[in-house]
Amino acid sequence: MANDVRRPSGRAPEQPREIRLTRDYTRHAEGSVLVEFGDTKVLCNASVEPGVPRWLRGKGQGWVTAEYGMLPRATHTRGGREATRGKQGGRTLEIQRLIGRSLRAAVNLKKLGEFTITVDCDVIQADGGTRTASITGGCVALVDAIRYLQRNKLIKGDPFKQLVSSISVGLFKGVPVVDLDYPEDSAADTDMNVVMAEAGSLIEVQGTAEKGSFSRAELNAMLELAENAGAQLFEHQREALGIPR
Amino acid sequence: MANDVRRPSGRAPEQPREIRLTRDYTRHAEGSVLVEFGDTKVLCNASVEPGVPRWLRGKGQGWVTAEYGMLPRATHTRGGREATRGKQGGRTLEIQRLIGRSLRAAVNLKKLGEFTITVDCDVIQADGGTRTASITGGCVALVDAIRYLQRNKLIKGDPFKQLVSSISVGLFKGVPVVDLDYPEDSAADTDMNVVMAEAGSLIEVQGTAEKGSFSRAELNAMLELAENAGAQLFEHQREALGIPR
Amino acid sequence: MANDVRRPSGRAPEQPREIRLTRDYTRHAEGSVLVEFGDTKVLCNASVEPGVPRWLRGKGQGWVTAEYGMLPRATHTRGGREATRGKQGGRTLEIQRLIGRSLRAAVNLKKLGEFTITVDCDVIQADGGTRTASITGGCVALVDAIRYLQRNKLIKGDPFKQLVSSISVGLFKGVPVVDLDYPEDSAADTDMNVVMAEAGSLIEVQGTAEKGSFSRAELNAMLELAENAGAQLFEHQREALGIPR
Amino acid sequence: MANDVRRPSGRAPEQPREIRLTRDYTRHAEGSVLVEFGDTKVLCNASVEPGVPRWLRGKGQGWVTAEYGMLPRATHTRGGREATRGKQGGRTLEIQRLIGRSLRAAVNLKKLGEFTITVDCDVIQADGGTRTASITGGCVALVDAIRYLQRNKLIKGDPFKQLVSSISVGLFKGVPVVDLDYPEDSAADTDMNVVMAEAGSLIEVQGTAEKGSFSRAELNAMLELAENAGAQLFEHQREALGIPR
Amino acid sequence: MANDVRRPSGRAPEQPREIRLTRDYTRHAEGSVLVEFGDTKVLCNASVEPGVPRWLRGKGQGWVTAEYGMLPRATHTRGGREATRGKQGGRTLEIQRLIGRSLRAAVNLKKLGEFTITVDCDVIQADGGTRTASITGGCVALVDAIRYLQRNKLIKGDPFKQLVSSISVGLFKGVPVVDLDYPEDSAADTDMNVVMAEAGSLIEVQGTAEKGSFSRAELNAMLELAENAGAQLFEHQREALGIPR
Amino acid sequence: MANDVRRPSGRAPEQPREIRLTRDYTRHAEGSVLVEFGDTKVLCNASVEPGVPRWLRGKGQGWVTAEYGMLPRATHTRGGREATRGKQGGRTLEIQRLIGRSLRAAVNLKKLGEFTITVDCDVIQADGGTRTASITGGCVALVDAIRYLQRNKLIKGDPFKQLVSSISVGLFKGVPVVDLDYPEDSAADTDMNVVMAEAGSLIEVQGTAEKGSFSRAELNAMLELAENAGAQLFEHQREALGIPR
């Protein structure tokens, strides 16, 4: 492992891109956040709707779900519009299932009452890490949606449990690096997405060796990087939401 | 006809909303324009791709087409994602056919060579007039895409023919008004979308009496308003593109 | 503008094709009309069903809607069957939305009670003007369906408001002409569909410059032709329905 | 078995409905036949297109296929439009497969050359027996399409092999009857569709006991009726086509 | 007709393949039977669910239906997965309609109560005759599902009416043969599927002349073979189910 | 962490279920393996087809992909057939993407030549761990398909790189356990699927905290269990394939 490898982005292995979280980005959603991880820009809109899916009715709890999409020209070459093709692709479904699962870890569904919060994550511009940005920004939009419910006295308690954030890590030419942009991601041997709880523990780990395989030691080195970046992400989220440390 | 009717927006009957055209809004598209008609915000990305649809092959000409979409929470209440429902609705198809037809009037397809320019119009925030904003902003993105082709010497001549813009007009409590926002549109008796060429002539007129009907005199009064607003739209387009009057 | 242009059909500019309205064309529908605009033949069947769409329930009103289809070999070359392709095309959806909107102008939905009338317009043979024929014939079928409701004492009042008819006009070699057949439509510079109320006012105007653009003067000249033809269409409708002038 | 049972139609057990075959019913198709079995009316349009399906390419033979549809209000109550539902139902697919198979028995595909003839059978009005009428009328349209190919010297030999016709038979209150209309079909114990070649032999037999079961003797009695009716159908086809006996 | 023709399988014309019925093949279904007709293997799972389809509600009766599928590599060359293509093909729909209709002949739906039994027939390995094996094995699974309902006292009476089985017959080089495997089926002139009731009568007969046609005498010869094989199938079913003769 | 927790299956935390790999389970596929992890049974059929997907053409390499399906009654309650619903669900797509990615790690695609191997994994009976069983059994089927290519001299070199296997691990009442069956999986706090290469390194790790979260120490304890079980899986694979250690 050669730590002096040069990342295409010129960043140090442990250095994430510049993170920005802009609340109230659009007018209609109960929570609306533009999240930027460098050149990756995702609009996360959290919508509150009364009622829950059929299989949850009458259980006295709420639901949090997510949908993910990419504008056709968010990428280098134009991708077909999924609405035109008539279905969401496997990658899209896989990502939105991950986002939904991750965001549910932020909420006590029992205290949410019979409301559904849908977090739409639409990628305006893509440069790697759209799913980790979606989770990180989506969590802030979700908190705003919960605050909307509280402010309008639609629920009594506080269903908010903990902040959730996510970052990618990978092995680039054998070196563990954090927050891969598109050129780095394309060239990486291993790519891993880590979803973390504020307390420092793990909610989801998805690591894939695109080429070859990776060792337990490499896995742990990558998780180390993710944990450090996570601390910064939580700081950004708290600052955006005005939550004291 | 009572000209002293008060529009919900407080605007004078002949006063369009504030128009903004921001070029280079995203990084990847050959033309990328954020168009704002007041609170209506549409991202228009023009993509250049080699080749033409099957039915045009070998005819030595190019093609311009458009696709239209609305982010699920661009509106007051969340609309279902068309990719999830598995098809584009009738309204979407109708609008994107209109945008495509209108933008083709801006281009000499023979001079475009065997390239296809697809203009994606995705509504970030909706407050009435999304199709007219799409045409107006899409035309600027289209011009940028043509300039890209010229700058990169992919085509020889200049396929740009004329600017195209669009505005809505309507009868609000019997009074002709221009550029209706959502509350005005919902309450209007008649709604008309007008697509204009820079020379002052008409490319498309679509007027619908939502309630009752309208007379030829009312039609002409509405077209008068559209023509005046059109002059302002062309001015905005020229200014954004740095085209002298 | 040269009024001595020769139309492919040999008709004078202001002369519509022969119009025929045959009631009770099939046996099962509450209203069944074969409408012929020259060689264009459309079967318009109006079906009465109890109940209204979900979003209208409990509002004490009815609904009128339309569906449009073309038999695969109604045209010169065989078009794919939409049921086989698995979806209705954009053109089909656009047309059936127009027919539905137009026919609703003929009816007082409040007086219709909680019934839905669906008008199916299926093109048996196409030669231009299928949507205008559909509206004109569909209105007669609609009236028959309303009479069925009255005759069977399913409703009390009379929801019929006014006759609605439609004709196409266009600019053929610069000359305004009425009721374009397929060869004329293919060669026209501008094509406009006009939907009119019996009182002489306008319900819908959809004009498109296929090539170039059109002026306000040309628009008014075309509307003049439409108005005159409309008078004949209403006369045909009244005669078919036995309504005194 | 009581031969004195009274059929709802008042016909004798062995008496088919009045059969009518009208050629050149529409203008564009190479073969266009309206077939009527009493109140059942099906428009059969045969379209000639160059080329064959992918799996037949280069084999020097042609293809004959069929598509079947029912106008939404061909029946007592309105059936949903298959194009709107987004797929053809199982019954539709089953019927159009039967029609295609049956019509291929009329043709020597080797002599057809690399042409595809598609026979569209669209039910304008249904009163039982739409598939048998489709086969009987479709065969006449198919012959006209073959004659078109010959007349225009697009093929050399004569691919026409034999006439094919079809009729339904059934057990109505235990009595074998022929050509069941809708009320008879609904009340029948057994329903059978028989496709026959001119020579008197069988091409397809599909018998279903809707209630109970049927014996070999009953099967033979029904086939006897079909054979007799078949002779009349072939006579109608020959007369329509001007083929001497 | 030359009775000394040699079948590819080496079997005598009247000799069906080895039949095996294995009950309780999987663990979860209320009835689970692996049926083997030689190398054709179909897993038939009967599932009991409370409730009936919408159009049967409140009529105090049950429903029996079937679904059919083929594993992609059940055949010589891989067939596309229908779930991936997004729809069931016409052949699949035709077969599952036949299976459902046939199995309903085994049951008194009135005595079933408001339960639906769905029999899934999934072809693990195909070698001709998958639909006849599905009916024969599906009937055994169906009986097990009915016994489940009785054993758990979910219904009172006995809805089982009669055993139903099915076999294919055909004309192979002019000779009637029974239970065709894939090579025989591909080479046969005529192919017929026969569904029989235990009493010896017919429930469904579907005969198709793939090439040429067949005579009434040939039809009867084939039915003779089917009847004899049917006796053996019923014996297998009774033995599997422990039903005395 | 209390190691004396009692698993519903009665197994020790580190004890996988009984594993069985049956080769040549069906007749047609180039590789056909029934894999059993206890009561979970998956049929893995590897099909060899000439050619590669469009985006790989002309690159002189092959492709390995997977499709996954579940028979409707593989589970406790009947799940809808995806072919009937008209699309594969998100879970299905996610799983088949994982299987495909994992199996590609077993193959040197450059040496495969322009062939595509599709591994169909169809779940006959489900009791947890269907995706890990699919990968483990699918790898054996894949090796058989490669051997088929070699035996028939369709390729020259040996594209087989390494065995790949997979097992699930989880936290059950706080205790790391291996190879969870359905009742254990439903009750687990964390569920992780691990895909391993024969050399002991990791190909894919997907861990999800269904409730709460998990620590780095717990992650490592689970991976330890997976590694030990992996050694047994590779032993099973080698034994089935006759590969010496």
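To keep things simple, chains are lettered A, B, C, D, E and F as they appear, and every chain counts its residues starting from 1.
As a convention for this text, a residue touches a chain if its C-beta (ideal position, glycine included) is under 8 Å from a C-beta of that chain, and two chains touch if they have at least 3 such contacts.
The chain list, named the UniProt way, goes like this: A, B, C, D, E, F = Ribonuclease PH.
As the structure is a computational prediction, the values presented were derived from the model and not from experiment.
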item: Distance in touch steps, counted as few as possible, from chain B (Ribonuclease PH) out to chain C (Ribonuclease PH); value: 1
item: Most remote chain, CA-based centroid, reference being chain C (Ribonuclease PH); value: F
item: Interface copy of B-C among A-F, A-B or E-F, judged by whether over half of the contact pairs recur; value: A-F
item: Between chain D (Ribonuclease PH) and chain C (Ribonuclease PH), distance of the C-alpha-averaged centres to the nearest whole Å; value: 33
item: Centre-to-centre distance between chain E (Ribonuclease PH) and chain D (Ribonuclease PH) (centres being mean Cα positions), rounded to whole Å; value: 28
item: Distance from the mean Cα position of chain E (Ribonuclease PH) to that of chain B (Ribonuclease PH), given in whole angstrom; value: 59
item: Multi-partner residues of chain B (Ribonuclease PH) (at least 2 other chains); value: 86-87
item: Ring topology as an ordered chain list, initiated at chain B (Ribonuclease PH) and continued via chain C (Ribonuclease PH); value: B, C, D, E, F, A
item: Residues of chain C (Ribonuclease PH) defined as touching chain D (Ribonuclease PH) within the complex; value: 26-29, 32, 39, 41, 43, 45, 47, 49, 67, 69, 71-78, 81-84, 86-88, 92, 118, 120, 122, 124-125
item: Touching residues on chain A (Ribonuclease PH), where the partner in the complex is chain F (Ribonuclease PH); value: 87, 89-91, 93-94, 96-97, 101, 105, 192, 197, 199, 201-209, 212-216, 219-220, 223
